[in-house]
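Listed below are the structures to be examined.
Two complexes follow with subunit A in common, the first pairing it with subunit B and the second with subunit C.
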Partner chain A sequence: MYKPVLLGICFLIMASGFSQESEMAEIEGGTYIPLYGNDSLPVSVENFKIDKYPVTNREYQMFVQENPKWKKSEVKALFADARYLDHWKNDTELKSDELENAPVTNVSWFAARAYCKWKGKRLPTLDEWEYVAMADKETADARKKDGYNEFILSWYEKPKSFHQEVGSTYENYWGVYDMHGMVWEWTADFNSVIISGETRRDENQDNNLFCGSAAIGSSDLMNYAAFMRYAFRSSVKGNYSIRNLGFRCAQDSNEKENSANEAL
Partner chain B sequence: MKLYKLMFLSILLLGASCKNNEDKSEKSEPVVQAEAEPLPEMSVFQLPSSWTTQEGKDIQLEELRGEVLVMVMIYTSCQAACPRLVADMRNIQKKVSEEANRETKYVFVSIDPEVDTPERLKAFAKENEMDNDQWLFLRGDIEDTREFAAVLAVNYKRISPMDFSHSNIISVFDKDGVMVHQKEGLGTNDTQTIDTIEQHAID
Partner chain C sequence: MATLNFKPTILTLFLSSLLILFASCKNDEDNTKEAEEIEVSQTMNAELTAPPLVPKPTGRRKAKKLVVDMEVIEEESEMTDGVKYVYWTFDGTVPGSFIRTKVGDEVEFHLKNHPDNKLPHNIDLHAVNGPGGGAESSFVAPGHEVVFSFKVLNPGLYVYHCATAPVGMHIANGMYGLILVEPEEGLPEVDREYYIMQGDFYTKGSFGEPGLQPFDMQKAIDEDADYVVFNGKVGSMTGDNALTAEVGETVRLYVGNGGPNLVSSFHVIGEIFDKVYVEGGELVNKNVQTTLIPAGGAAIVEFKIEAPGEYILVDHSIFRAFNKGALAQLKAEGKENKKVFSGKIEEGIYQPEGGGIQEMPVDEDELAASRPSDNPDLEEKMELGKNIYGRTCVACHQANGQGIPQVFPPLAEADYLNEDVKRAIDIVLHGKSGEITVNGETYNSVMTAQNISDQEVANVLTYIYNNWGNNGTEVTEEMVKAQRRN
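Moving on, here comes the complex of A and B:
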């Protein structure tokens, strides 16, 4: 009977220790016009919190230890394909040239979702993610700046950007790191993107993007950078595990950070 | 390995039930369950979500094990593609043999659980003359619906307060819940869908 109580106390002490430096950033909501979507109506985003860094291999190791059904050897194919944690040597260890503090990748959407739930959090919605990702170092919406777009596009050309410790790219306006320049990230409703031309409006969008005849200006570059993200989201399935796809978690702003881990 | 574990478990349960015979004599149920084949890894019944039917009854997907399932995701207030998806489902059901239909359920899952209450689903079933055992209408919470769509590879997005944009996919699952066929698009050729249902219903 004492053990759980003791553990609980330990946890509380640890939690309060950690919370000195919060691992999440507060994001003030607002409206924004998504770069790519079915229509260009403004979307409103509530206040929320998001992890400052993508979830790392080390953090994911702890998750797997406490939730054996997400071990490489135990996970069900419905929830994660054969490449799940492919860069790990076994259920607990990374391959020798991998970094513990690099973002965990090769994780499916189901796995990312379970991790966030375990943390008392959730995956950010697509709109929340895009909202935070609009920022550069100084401004909340830097999408019209050339430098912002050039950074993203040059990253698209860089191989193996996942092989970096979290925090290696810039800290943005909100105090959030690595939204661009490291890995792609899962969102809660990644499967809300429809680019297959099922509706006439979608088809038009695609034509606009692919057949655009105007000279390449900053707005084209900005559309192209975002289009790549949306196209990528629409092309993946929930159990895909991909080498350059990781995640971070979010939370409603009224939720307590460091709330007790929920057993799954 | 899992089978061994199950057998071991069932022996344990048997033992336990024998000891407790005096107070509880009907402990044999878990043993029957333990004897069932473990679910295939790709089975949709691995999803832990629970759903409410058009009759207001709460069910786990796994309760549908043992029947071929033909599934589609729709929302009842839909004016555009859904009536055609519903028509496609009806056409498939009509063309499948009576024998195979006895082993098959046609399932509609709502992508708009906020609006599609069980009552609304029931009314929709009646309107479309699908108000019998052959047809099942399900709603879950928003999270589970998103998850279910991820399994079916159905993409959807709310595009206005009233409307969703969504993929038009009819999926067929075998009796263990493993997806065996998908038909994409509206009014497309359904021969292969029907063959798949026949083949898995009568095995």
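Moving on, here comes the complex of A and C:
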């Protein structure tokens, strides 16, 4: 009985052109120990909701239409650098070889934040994002599995992975897609973990972000996979617009999705 | 008594060496100090070259402000025929562009990270005096550019590389190159200069396994390299891409080793290095056969070409050369010099290594039991042939008969092989040297005569003919016998 109804809803939503935006996954909170923890203490994460898919070009087009100050031609440099929506032909259209249903990238942190706000949502915190991203298809924390880490590492090697439709990678334990293997994603507090990019030096700093020397000397693939994500985050600033960097939104679990949009 | 007599000598030796040590220390300090004081006159854009080329010498020019513009590019390219790899590069080549500076130069370094790249990168130049060699100040996100500057103080040949986490992976994917700091008066003039850098690569599939091969972290940690190559790929400097020189010329090679793991035993087959700037520094050694180049280190070698012909550059940890790709060619043209090298005095095939020569003592009974039947069927022949191939042929012709481009001809889908079975038998029995054309490519190498029995020849050829797209000929012992010369 359940399935046909769901299917029906899907069709309705798709017909109105909002195939993914109201699809959020419920994440049951808990605690986890981040790899980078300078104190190895567990971090707790509350219940929350997160978009099942990264925000797509098509979805972002609608945002720009309703919020002209985020048009390519009108955005302020302070909030988005010169590469903002670089893969768009103009304010409304994509370049010809781009996919409408691929994740929107070349968006700054400010822009991503504004988009989520417009949706009545927010960017996930770094801890929320990492918490969801620990999962593989079957388990909530797959970080110790070889296959999980190999998938991430092999993605680092794959050029132009932004050129894929959302949902093309695996659905994880929480029902969330594309956490790995497609694009990097903004988090609300992406810069709360700062590394200098000089790993040999970071190791000696007081605010050491890694498990002792494990991140550097270790043969632990798990650390390598995560290490590069933190290195990436620490290399960016809020107005950077990067080809391999997109985002998705989150929401506290007691809030409803923006009713204004559902009414559309 | 003798020992007593000895002591003063030792003491004197010790003291004098101490003196020398101090003197040289003082000297070095002075030099660095002086270099620091050198004023720069103008701004100039650095000439950057892709390997194996080297920018023009700095000659007598004064120290300048030198602008170096470099871009990090992550791109897919070919490791060897049919094998693709995603390289991370400085300026799109492995190794990255050669930077040529002079003591006292102020380098203004612009490091750009291409917008399509996935990762942040940076650069650590071993020629920099300062924490991290510039790494910290050069950390740059995709689609961005950083500028930092440094003054070069110590002459020598230095490695630069990416030092972003995980460092090993960035280096293993090709992020290294060389920066030369010439002394004030410049290096002595030579006729030819080339840029070569060794690197080891770790792929999911083993050597030659076709397709896009991802980096294998575990193999890298185990230091179990699938490829050891010069300038980023197998055959980067062989055949049409071989380095060239003329007889009588002095050749200088700037040789670096990016690693990430292996130390190179750099050697040129057929040449003795007249001069080696050991580890790329000031110390010059003369008449060197093989020089050791550490990972993350370099050497400058010079030699005068006395005789025409082909010189083979190798890592003399020799399986790397013939089985993993660490091999390059230098072709020298010009008049023969009989005084130096007589050329061929007698024609013959050199055959020290064939299957049967190195014999180990064996248990006769066991041997008899293990001996194949006298009239093996096709299946048995294939099995036996495979074994012979594995121990005799595979080193040159490779596991899947693909050969080594430009050096050893392929056996897989090889027109030369399929055309004429008698000729193939003859070559196995008697060896072959001189030019042949296989699948449109010319090869000019030597195959030694194989010292194996008629039946073994029949088996191995049957194995080859019934594999890798060949025509399925079954070779018999009689056919082999017919080709024996008495």
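Assume the second predicted complex is superposed on the first by the 213 of 264 C-alpha atoms of A that agree within 3 Å, B and C clash if a C-alpha of one lies under 4 Å from a C-alpha of the other, contacts with A are read in each partner's own complex, and residues count from 1 in each chain.
By our rule, contacts are C-beta pairs under 8 Å (C-beta built on N, C-alpha and C of every residue); 3 or more make two chains touch, one makes a residue touch a chain.
Just so we're clear, the structure is a prediction, and the values are computed from it rather than from any experiment.
Q: With both complexes overlaid on chain A, does A:G238 touch subunit B (first), subunit C (second), both or neither?
A: Touch partner of A:G238: subunit B, not subunit C.
Q: Mind working out whether A:F79 is in touch with subunit B, subunit C, both or neither, as first, second, both or neither?
A: First partner only, subunit B.
Q: Quick check on the superposed pair: does A:K158 touch subunit B, subunit C, both, or neither? Answer first, second, both or neither.
A: second
Q: Using the touch definition from the top, say if A:F110 reaches subunit B (first), subunit C (second), both or neither.
A: In the superposition, A:F110 touches subunit B alone.
Q: Please tell me which partner, subunit B or subunit C, touches more residues of subunit A.
A: Between subunit B and subunit C, the winner on subunit A residue contacts is C.
Q: Just to be sure I read the superposition right, which of the two partners does A:F227 touch: subunit B = first, subunit C = second, or both, or neither?
A: The second partner, subunit C, only.
Q: Overlap of the subunit B and subunit C footprints on subunit A, residue-wise?
A: Comparing the two interfaces on subunit A, one with subunit B and one with subunit C, the shared residues are 196, 198-199, 202, 234, 237.
Q: For a test of understanding, state which residues of subunit B touch subunit A in their complex under the given definition.
A: Counting only subunit B, the residues touching subunit A are 41-44, 46-47, 146-147, 149-151, 153-157, 159, 165-168.
Q: Taking the touch rule as given, give the residues of subunit A at its contact with subunit C in the complex, in rising order.
A: Against subunit C, the touching part of subunit A is residues 81, 83, 86, 153-154, 156-161, 184, 195-202, 215-216, 219, 221, 224, 227-228, 231-232, 234-237, 240-245.
Q: Flag every residue of subunit A that touches subunit B in the complex, lowest number first.
A: Checking each residue of subunit A against subunit B gives 38-39, 76-79, 109-110, 113, 188-189, 191-194, 196, 198-199, 202, 234, 237-239.
Q: In the complex of these two chains, what residues of subunit C are touching subunit A?
A: My answer: residues 74-76, 86, 115-120, 122, 131-132, 135-136, 138-144, 163-167, 169, 173, 214-215, 217-218, 221.
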